[in-house]
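Let me begin by presenting the structure, written as structure tokens, before commenting on it.
Labels run A, B, C and D following the written order; every chain starts at residue 1.
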Amino acid sequence: MAEILVVAEHRDGKPADVSLEMLSTGRRLADQAGCGLLAVVVTSDVSAFAPRLARWADSVLAVKTGKPEHSLAEPYQKALASVIRERKPNLVLLGHSSFAMDLAPALAVDVGAPLATDCTNIAMENGAITVTRSIYNGKVNALYSFAPCETVILTGRPGVFPVEEGRGKGIVEEIDLPVHEEAEYKRFEGCSEPEASEVDITKADVLVAVGRGVKEKGNLQLAEDLARALGGVLACSRPVVDYGWLPSGHQVGLSGKTVRPRLYLALGISGAFQHMVGLRGSKMIVAINKDEKAPIFTDADYGIVGDVLEIVPVLTKHILEPRR
Amino acid sequence: MDIVVAVKQVPDTSEVVDVVEIDGSGKDIERGTLVSRINEWDEYALEEALQWKQKLGGTVTAVTVGPGEWDDTLRRALAMGADRAIRVDEDATVIDCSAAARTLAALIGRLPHDLVMFGAQSEDFGSAQLGPMVAEMLGIPHAALVVRLQVEEGEAHVERELEGGARDLYTLRLPALLTIQTGINRPRYVSFSSVRKAREKELSVMSLDELGLPPQALTPAVELARLELAPAGKGAVLISGAAEEAAARLATILREAGVI
Amino acid sequence: MDSICQSLAEIVGEGHVSNRPEELYIYSRDLGTAEPHLPRYVVAPRTTEEVQQVVKLANREKIPVVPLGGGLTLAGLVMPLRGGIVLDMKRMDSILEVNERARYALVEAGVSQGKLVAYLNTHHPTLVHSEPGAPGQATVAGNVAIHGQGDLAQPYGFNSDMVNGLEVVLPTGEVCRIGSCSLAQQWFTQHPLPDLGLFLGWCGTTGVITKVSLRLFPRKRIRDMGMFVLEDGDLVPDILYRISHTEMAGDLIAWSQELPVTVSGLHNISIFISGDSEEELELKRKLIRVGILGEYIHSGVGGLVGLSANVRPRLPRRPPVSTIQDIKKGGGFEYVGAIMPVDTYPECCRRGAEISARHNIAYTLLGRVIGRSHAMMFSWSYVFNRADEDSVREAREALYESDDLALELGGIPWKPGVYGQQAVMERMDPNTLSLMKKVKKLLDPNGIMNPGNWEVS
Amino acid sequence: MALTEYRYSDVIHRCFRCGYCKFPTSFIEVNNCPAYARYRLESYSTGGRLWLIRAWLNDELDWSEHLGEIVYSCAACKNCAEQCPLPFSDDIVDMIVAAKGAMVERGSVPSAVKEFLENVDRQGNPYGTARSKRGEWMEGTGIQEYDGQEFLYYVGCVGSYDTRAQQVARALGRVLQKGGVSFGVLGDRENCDGNDVGKLGEEGLFEALAEENIRQFKDLGVSKIVTLSPHAFNAIKNDYPRLDGTFEVRHYSQLLRDLVRAGKLDVSSGFKAKVTYHDPCFLGRWNAEYEAPRDVLRAVPGVELVEMERHRADALCCGGGGGNFYTDFLGGSEDSPSRIRVRDACATGASIVATACPNCLTMLEDAVKAEGLDDRLKVMDISEIVGEACQARGS
């Protein structure tokens, strides 16, 4: 194998966690295959990123661009396409992020490479790459291989691949590529930060999180009572925000907030990864769910299989009046 | 405003439906007991398309690549208010994203399209690839994970969802392709009678050949080796017993663990 | 939710406040012909303290407050004419005390007539209150706030004359008790304290009544009724006078209606009597049937139905009002009630029939004797089709004409709508008028209480 | 749908909003309409609801999730129909159902209702649990699949899927076995009876379900049906015939009464307790069956039957009707009808509140927990009480 390329995504002057996860993975695979690891970053501030990336990568290609300060698909696609055409890496790694969901498929078509997204495992046996994807609501794992080809593009599921601090000292090469930040057919108009909400769930010690399983806005009261009994606050998974039951400030997960409470009590949440990545830092996870096969039970410390609406009121009662 | 919406039909494997088994081939799940539904993200895409048709006039065409059973989903799309539906008759369960993208690009390329909408991802495979691939093949701008849309004077102003609730704002020149994230709207209920009425609406079926695609256009670049049931529930210590009893024990556990 | 809605929610709880279109729509409409007026908020308090806080807030923010009971005045008296807060009192519906010996009931303002009747039936079968014959959800407090009368009006007068004490939240937020309750937990009398009758008949423009102590009366075990039917309405006042003289009758009602045709043109006098024994009942029957009506019957003036031991009439479970209103199959019904000299009954009927004819609505005319023929509440009723604008307008005009008629005949419109109120005040002695103005200004400096009603210009 | 196309356009404005619809016959409480009891705002009374419906159909008011909730908070309990003094009283519930139908046709319904209907459409039950799990409740009961037996025992969605109601479904099965009744069930082949689907205004889906069931019943040669749920009983008895599905259907309480009277069911072991009975709306007000369940209870030695102040035609609904046991627009408050109802039950001094409907059962049981009355009041289905009373001594 000749080379592995990792695309480094950044936001607010920091490389994305998932990019570091991919760098570590890339490093591991490169060492295993005895090939080089190349990192590519498109940024207006090369010095801020390149050296950091060089700890994992043997070499870093820093593509200089003007604004904006965070990753946009268009400039990356142009830069990466030409790099890939020129250097023909065997493997291109990106994190399965919003950025990559916009970029990777177009890039794959652009350079005519096969693409597997949201991989939960990436393995290499005598040069051949196989990946695992989690499908059907996490109930099934699918294993994929690739027809012989020059380059395979993969995106890795955030929070699944371990990060080992890089120890290397790669060389940084700043290159100048024709980067179109402003394609006339697609203008970047800026970005908006998440709306502030009255409660800051990221600072809460105890979170009572509700999902689809609470069935109806009216039932949020039950969860709220429990939260009050536990001295915690209400959090939720995406559907609850989609239904307009709670403001987005309460949402935990990929498109919501990342939390680290002492106790995360998940009510009627199935545990899709987009949600789970948001609560990895929790000390203790307890799940109550009807479906004994719900993925959340895989990550939870304790679980009760049953009807949330039935159990929660009773639980609240027991929290309030400890039996002596 | 002519809008094309790509939809797909998925087996209902949502939280409370948990009877998923691998079939003999090891490459598919037992579909016998599973019921099908329209992919949730596609439902939002359709609703969004229909609301813009309502505002700006024009047509909404629902398209898919799939087997005959998927007509159910197209009929549902028609019932929701789509003007016509086209199915490319291929077994989508065995082809990969790039093949599906190629097929849809060929189809959509032949249709009037100021706007093309896809669900941001599918419930079953969750690849989130199809939309941007098709956009690249059609050579039109795209934006993935759109949570807000404003269409005016040949332009689409969109908000893309990023991690942590942040959003990127773009202006795309039409024609453009958007992949729609859930929550962008409230999909309407599709009544039984409206599905019945939709039977009169046009639902056409096309073959690869009619699209001028050779069979090898479907050769997958990504090959499915096999499926395995995910190890379920192994992590958690499950507290058994009736609600009363289980809740009591959990309360004790929480107390002893000092989390409360 | 705006900030005021927020603070209202903090007072009564989020579930009991609304500024959503659906609630505002419903509370903007009266059952009668009045044009709708949108409130800004709807609030349903549970306690006097909550009412107090809401009123204080409203007074501070200078937002109108309109207390609402059963909402059955039909004259639009509980419509938010100037927007603001509609205070739905019906959650305050506890019966706090029934004192059997002193014969009174202490109730919260939202207690319905129906609930009080049912409660007395089960728990105090020897007591009754004067039931106004409105649908059961009419409230006790609302009824006295408009000087209502009930089925004991003939022997005992206006319901508002039966009030032993009140708890009121003043427009400035103080909770004030009127009567013996202002000295101690004693709700048995208003007198002999200096008269503070500033709330009865004011239709909620001087404060929010939160508690009422109402007199109860002996309930006789057996009830009976009879109906004297005659053609010559001119004789009715005389007959009523003589029946009331016997002091044997309970409710006394003279009525005449165009439909069904079989009764058209006739006058009917409904005579209700009651007794604890057949003997008592028979004595009363005799004194009225033989002693009074006998000679009319002999002279062939009219005939009597019932009032005899072997004919048992079916007493209606419900007041007829809710069914009468549907004659036009239009769901609309409103009447002008006026307190009139009993002698005007014939003229009230004649002129009432003319008004009805002009607006092509079948006439429904009724006079209920108040006290020993001291007065009568005479009502001109008009049905209309809610779904038909013209029909609504016809009824509205007929109502205005009836207000004018009442005044012309020397009577006073009872619980009149804004039109009738103005007509009354135009004719009122200027000194009386300015006293009313002073009282209102004194109690309600910011003019927040049910503004638009009884406003002295 | 415009007002003119609305089936009751010539009637709906005739509601005077006199308010009788809120009360029981005695007027003792203003909260006998479950939705009004819960919210105590005029908008939630039947009269208010009718006026709002008219305003919406008349384009005086836009549809909103809140309007949807107001209309769908009607539990179709029929108290209003019972109390309304006007000639169109029998149509009131239909007026509201027809308005729900208009919302369904426009596609604008509250999300919980959308979920309910889509779940039933896909999985044949409101919970969205797999069709293939419908028969799991009967495991180990020895109850047979229907195969020409005298009775088809139709269980319904709640009895098939709700863990508590499953116990009742099994209890009734055992009682029928003890009574020597020849019966079978459909297990996984059973489908939603559609009663609540119809009351949610989804007429098309209701008819599809009904026709499917009727076809299946006929194919299997079913002539007699006994139902666990009064909801199914109501649909099969009153709605299936117009779809050419006429069966001899009985609610199980009626069958149990006959079995006891005929001495086929030995309840002599008795059941010692003070019991009050909650009338399910779809057995009582909808089908005027007030006595059968009471007769069964009276027949059990040791049962002391006491009545709540509001009973029979004046019973307060548990708030679970019209799909509300799932959509739950009436839950989450101490004013929730189910909680008022268990307080009523407690006031009788009874230690058991018995009912004959799995929806009522689950609603009341949750309410008992919420009220913290667990140690004073137990919720039981009549079949469970009979079940205990016919523990044949020795065997």
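To be clear about the criterion, a residue touches a chain if its C-beta (ideal position, glycine included) is under 8 Å from a C-beta of that chain, and two chains touch if they have at least 3 such contacts.
What you see is a predicted model, and the numbers here were worked out from it, not measured in a lab.
S.K.: Just the chain pair, please, that has the highest number of C-beta contacts.
M.R.: Per-pair contact counts point to A-B as the maximum.
S.K.: Select the chain whose centre, defined as the mean of its C-alpha atoms, is least distant from the mean of all protein C-alpha atoms.
M.R.: The most central chain here turns out to be D.
S.K.: Of all the other chains, whose mean CA position lies farthest from subunit D?
M.R.: A
S.K.: Where the CA atoms of subunit A average out and where those of subunit D average out, how many Å apart are those spots?
M.R.: Once rounded, the distance between the two centres reads 46 Å.
S.K.: Distance from the CA centroid of subunit B to that of subunit D, rounded to the nearest Å?
M.R.: 37
S.K.: In whole angstrom, what separates the CA-based centres of subunit C and subunit D?
M.R.: Chain centroid spacing, subunit C to subunit D, equals 40 Å.
S.K.: Taking each chain's centre as the mean of its CA atoms, how far is subunit A from subunit C in angstrom?
M.R.: Their C-alpha centroids are separated by 69 Å.
S.K.: When you check subunit A against every other chain, which residues touch at least two of them?
M.R.: Subunit A, residues with two or more chain partners: 244, 306-307, 310, 314, 317.
S.K.: Quick check on subunit D: which residues sit in contact with 2+ other chains?
M.R.: Within subunit D, residues 111, 333 contact more than one other chain.
S.K.: Would you give the residues of subunit B that are in contact with at least 2 other chains, written as numbers and ranges?
M.R.: 14, 16, 18, 186, 244
S.K.: If you go through all the chains, which pairs of them touch?
M.R.: Pairs satisfying the touch definition: A-B, A-D, B-D, C-D.
S.K.: Of all residues in subunit D, which touch subunit A in the complex?
M.R.: Those residues of subunit D that touch subunit A are 65, 111-112, 115, 163-164, 326-329, 331-333, 366, 369-370, 372.
S.K.: Across the complex, what residues on subunit B touch subunit D?
M.R.: 12, 14, 16-19, 33-35, 37, 80, 186, 188-196, 244
S.K.: Using the touch rule from the top, collect the residues of subunit A that touch subunit B in their complex.
M.R.: The touching residues are 11, 16, 72, 96-99, 101-106, 108-110, 113-118, 130, 133-147, 149, 183-195, 206, 212-213, 230-231, 238-239, 241-242, 244, 248-249, 251, 254-258, 262-263, 270, 283-284, 286-287, 289-307, 310-311, 314-315, 317-319, 322-323.
S.K.: Sort out for me which residues of subunit D touch subunit B in the complex.
M.R.: Contacts found on subunit D: 104-109, 111, 113-114, 117-118, 121-123, 127-133, 202-205, 207-208, 374.
S.K.: Quick check on the complex: what are the subunit A residues that touch subunit D?
M.R.: 215-219, 221-222, 243-244, 306-307, 309-310, 313-314, 317
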